[in-house]
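When the chains are written out, they are named A, B, C and D in that same order, and each has its own residue count from 1.
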Amino acid sequence: MTLIEKLNNEDRFAQSIGVRLTDIREGYARAELTVEERHLNGAGVCQGGALFTLADLAFAAVANARGLITLGISNTITFVRSAQLGDRLTAECTEAADHQRLPYCDIRITNQDGAVIACMTGLAYRLNKEFGFDRLM
Amino acid sequence: MTLIEKLNNEDRFAQSIGVRLTDIREGYARAELTVEERHLNGAGVCQGGALFTLADLAFAAVANARGLITLGISNTITFVRSAQLGDRLTAECTEAADHQRLPYCDIRITNQDGAVIACMTGLAYRLNKEFGFDRLM
Amino acid sequence: MTLIEKLNNEDRFAQSIGVRLTDIREGYARAELTVEERHLNGAGVCQGGALFTLADLAFAAVANARGLITLGISNTITFVRSAQLGDRLTAECTEAADHQRLPYCDIRITNQDGAVIACMTGLAYRLNKEFGFDRLM
Amino acid sequence: MTLIEKLNNEDRFAQSIGVRLTDIREGYARAELTVEERHLNGAGVCQGGALFTLADLAFAAVANARGLITLGISNTITFVRSAQLGDRLTAECTEAADHQRLPYCDIRITNQDGAVIACMTGLAYRLNKEFGFDRLM
């Protein structure tokens, strides 16, 4: 099983809310979400937690891609523009600094028009313990 | 309808994943979540997005409590300890700095034993527009 | 030499800009700065970097107080109110979550009237290496 | 007077610690600092506050370049690698999301070998008030 399959199958929370990984390469991953009624908050726009989960799945894919278990320890997310019902959102994560123990990533969420919805940074902590997947892709 | 009812009913995302507001007072709110199978990530612990949503609902309640629509603009969340299947989690939000336009809050998630699971800070932006609820409580 | 003396003497940057530690106890530290002409930015208020350094010295004192070298890895600082020429600023740091490897702290800067100027959070990484000071106080 | 001259002359704190703006273009700015003895912390490496100030000056230049006064409201900085005595550091800031009211920037500090020292994000708040400089460059 590849990491992309593993994360899509085993991350039950991401799966249950409709977030899917759609690409993963060395130092890069992409996840997608289409905004449905169930993702809306009290103001009628996509809830921040759904956006966070979308960004976080792309982050987890990049952070874990080296085969060692890597835990997310801190994220800063800034909400630039509301995401509306029906928007097709994409989160793209790139590794900004490949620190052996504390990898640091940038994640950006855009909508179907390329407008930036949210920007996130993620810092992770890499354990000396192997992740159970056979190969990256 | 009170704000607590409004947020519990109208925040469809929080509702759909099982997060509930359970207390709201001036400058304070509490939300709760019990970790179920559907909240787990690929490592078998509670996904960061579920924790974020829990903290965010408490934050939204405090930020909006003055009757003006207030948008979350930036959050930093640090994951201190994993939350396990069955854990009963509580997020408590307090207003750390009551800036008229840019309120700033601290949110802490603890488990049933009082151990800290995650710490979040939240910065919001208050619009000059009224929120549709009758009274705070 | 105590940690408070060590940090005040050896942190040449903090010393050169006029920041001083004035208290340190288990899980708590306080640093002080009086805003002078040399601390002002182009808008005529205290520069964010001077505020950051003030908060950071209190953070370093708390993070290192257990006798193991501890490196600051990430900080989020939010500027709530401008600090003016002549203001006497105090930064107080408390340990919000005592994680063995990744301690997490809250730091708050207030002025002489108790008004909040800035709020910072700090995440550090503790090495398995002793710090060269004899005792905490 | 151009903005680059203005910021270099008028930001007394940045000037007093040896930080200089060296380039500014639409949506981009660069600042530089050479690490001297006076910038070191108790561990003998460049203090985080000096790095923050370096990044912050580049951020201020980008955020203010549209001619309206823009206040930094929140920054997250992650320290990836220590900067040593004698290192020639460069901070480059780019505007990641050009929100009219709340511009959001990425700032990266690298050393003379191109190694990443620190990554910062910055969120600002733009007032409806003009900044006193004649033209951008």
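The working rule: a contact is a pair of C-beta atoms (placed from the backbone, for glycine too) under 8 Å apart; a residue touches a chain by one contact, two chains touch by 3 or more.
It should be emphasised that the depicted structure is a prediction, and the values quoted were computed from it without experimental measurement.
When the interfaces C-D and B-C are ranked by C-beta pairs in contact, the top one is C-D. Think of it this way: of A-B, A-D or B-D, only one pair shares over half of the A-C contact pairs by residue number, and it is B-D.
Centre-to-centre separation between subunit C and subunit D, using Cα means, comes to 21 Å.
Subunit D has its Cα centroid 33 Å from the Cα centroid of subunit B. Subunit B and subunit C have centres, each the mean of its CA atoms, that are 28 Å apart.
Residue positions of subunit A with contacts to 2 or more other chains are 73-74, 76, 78, 102, 123.
Residues of subunit B touching subunit D in their complex: 73-74, 76, 102, 123, 125.
Interface of subunit D with subunit A (complex): residues 76, 78, 80-81, 96-97, 99, 102, 104, 106, 108, 116, 119, 121, 123.
The part of subunit A that touches subunit B in the complex is made up of residues 6-7, 10-14, 16-17, 37-43, 46-50, 52-53, 56, 60, 69, 71-79.
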